[in-house]
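In this document, chain identifiers A, B and C correspond to the written order of the chains, with residue numbering beginning at 1 in each.
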């Protein structure tokens, strides 16, 4: 299968200088990430804050240039593309951010914000065409009638409506892939599903692939039910595979802990909840990452080997897992608390 | 008065006079908080739950004004308290962990100093005693007291700071602690053990809690009672199991259905139609009717009152009014 | 056009900024039209000195028998021109440097900031006195140049910090993802977000420039115009005897009152600008 986008051993190391003479500290935000994205699929990228998921999103959208590794777009490394080629890449990969209020210029109307990209990129010739196109986009994201929204400023819309505007902007350049970074975490609970459904329908109708970045496994499961799941921990992917398969039998101890922590809206199960399968609650700092497997200080099954040697992301059935003792990790069941 | 209720709120109404109009953030809410138990209030942004909580401490921020009603703590109306009584009541009787409280720590003071200051501003106690007490509480919230007392806020992670705030709220042995969105902006694992700690505090120390959250899924675990607020009104309240298994108000039912979880059948989850109400232009009758699938004519005209729908379970919905049984949907 | 109407509608709704606007318009009118209505006659006539206010001389006459009010009117033109020019020069230098520094960053940013900080550490007014003494100030433009020499660094710093925080904001980041040009990002996305800040600064720099210009005039360091309010103050003290001469009170007080009024006007007007230019505060 040909891939739309492929990340090969992508690493992103930030340097932080402290003071004029202070030594530069390095922060390995991403370490050897390999990920393949196929046209039209949905991948959920799940991890806690500081795991590098947002950095990965910025690398994929071309905002950061990875310090090492390759990012292949239809087989071509994007950083050696010609200017026109890179321009095409820019259009093909779009971003939807978390905070819909911050993502829209407060001084500009919805029409101004939505028409600028299509006008500048010559998708439409004039203001008149832009008006038609923007109205059409607003219809697609179910903001109708569009006339009601065109002249509004961002603060005049509700959080859910603004998030839809962001979706409209993201699809305006006819992208192949949209990176959605926590698009619903700031939306009212009663509206979250409708935004997720909108993304699913954009995926179905327009064939746009989605990378859904989140810390919330429940929404990840919802949006990527037929897609894939990649779990990140301290800058590395630790488990990746088909969503349904991975959730029915999560293998990495970190993923098991993460799943245990997901709140369940059912008091009978929630109240009988067991302890988190973790040795320590604190997440280690990226400034001083643990040796070997980054998860070993918190892992119940860690051995000497885990302290010394980082486990490679190895195939295991249909998925890949980075764990030395995958066979020692007990089977985890969703409702096992009962 | 009922011995069992630590706090009794009656017909509380809070209004905000804005330039664009008057907003009734809390509309005739009556709520009992039973002693020694965890009561959760669930509502989306603008539902009025945070305003309600700030009224319990009588710290409604300007231009908000308590227009009417009473808040009785152990039988005495706190809204009639004099300044010195209020000072004693706040923090020693009732304390609160505010939303994003981890950012309210003073960045240039060590945690230990801040805790000492807090205690000293309310009562006389020797420094050693305070440190001993603070250490015990920090240990209780699963932090290393020696390290944390000497630390500056920036040296702690978000989850650690939130636990420090919980320890803070317990410093003066309050009877009631209010937690406003205690885990918003924290990761799932952190959220999980914070709730673990809250549960422990409630069970072992017998502290009554009021928990505010926008997400109904997270309260299932710790709450004994769950109240649901919509557009400034309490629309349903009852025992946690009752609320989750037998919700009577369509909004409550919608919220439960709209929360994706790892267990449910994905096909059955469903979002609530429409968008949250504009408090300046509230719909007539029941504020939820424009989003309600089973709305009847009466819902557009008359605002429903809370009526008993089960044992200790009340809901404000015309569909459950016994006098309108005939109109009840299948 | 609609935007301008909106702007004034909102300014008018805010009572304080409306008052400020009225005061400023009054001064503007005085400076622009005043000299056309009144004829300044600076010939000395000893018979007519220290006259009290009358129909002929609205604010009486000075130590040389010249009309105080007409001097004020001519002086206002002088003062306002200097203030306006200073604000324009400061704005051009300060805002452009801040914009460049914040947008480009790196080594250029560091060098600009080094110079800026150097300027900021040296106190403003003593330098102005020295500069005014060194350069012969002969017209409003050279005066404005001297005054703006030390007023830009503060603006540069704040504009830079605003730009730095703005350019990391999500709505600018998305412009980069969508391949929008630098021109678009700077002029359509960034600038509208600092317009109100810049306009408030423009007014406030004018206010500061007037104080400084009057100060320098008062010290007699730029004696090129006898009707400048600062020069009037200077003369009121040196020729009339200041507060020791009851006959010269009006001559002494009139430039002071005008200065105070103008400052008040600036502050009040600036008060409503943010509201009028920010769609979030408009309702």
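Operating definition for what follows: a contact is a pair of C-beta atoms (placed from the backbone, for glycine too) under 8 Å apart; a residue touches a chain by one contact, two chains touch by 3 or more.
What you see is a predicted model, and the numbers here were worked out from it, not measured in a lab.
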| item | value |
| --- | --- |
| Topology of the chain contact graph, where touching chains are joined (line, ring, star, complete, other) | line |
| Chain pair showing more contacts of the two, A-C and A-B | A-B |
| Euclidean distance of C-alpha centroids - chain A vs chain C, Å | 51 |
| Chain centre separation (chain A, chain B; CA means) in Å | 31 |
| Residues of chain A that touch chain B when the two form their complex | 48-49, 158-161, 188-194, 196-197, 215-219, 221-222, 225, 247, 257-271, 273, 276, 278, 281-283, 334-335 |
| In the complex with chain A, residue positions of chain B that touch it | 44-45, 142, 157-160, 187-193, 214-218, 220-221, 223, 240-241, 244, 254-256, 258-263, 266, 269-272, 275-276 |
| In the complex with chain C, residue positions of chain A that touch it | 61-63, 87, 90-91, 93-95, 97, 99, 102-108, 112-113, 116-117, 120-121, 153, 155, 169, 173 |
| Touch list for chain C against partner chain A, complex | 169-171, 173-181, 184, 188-189, 192-193, 195, 278-280 |
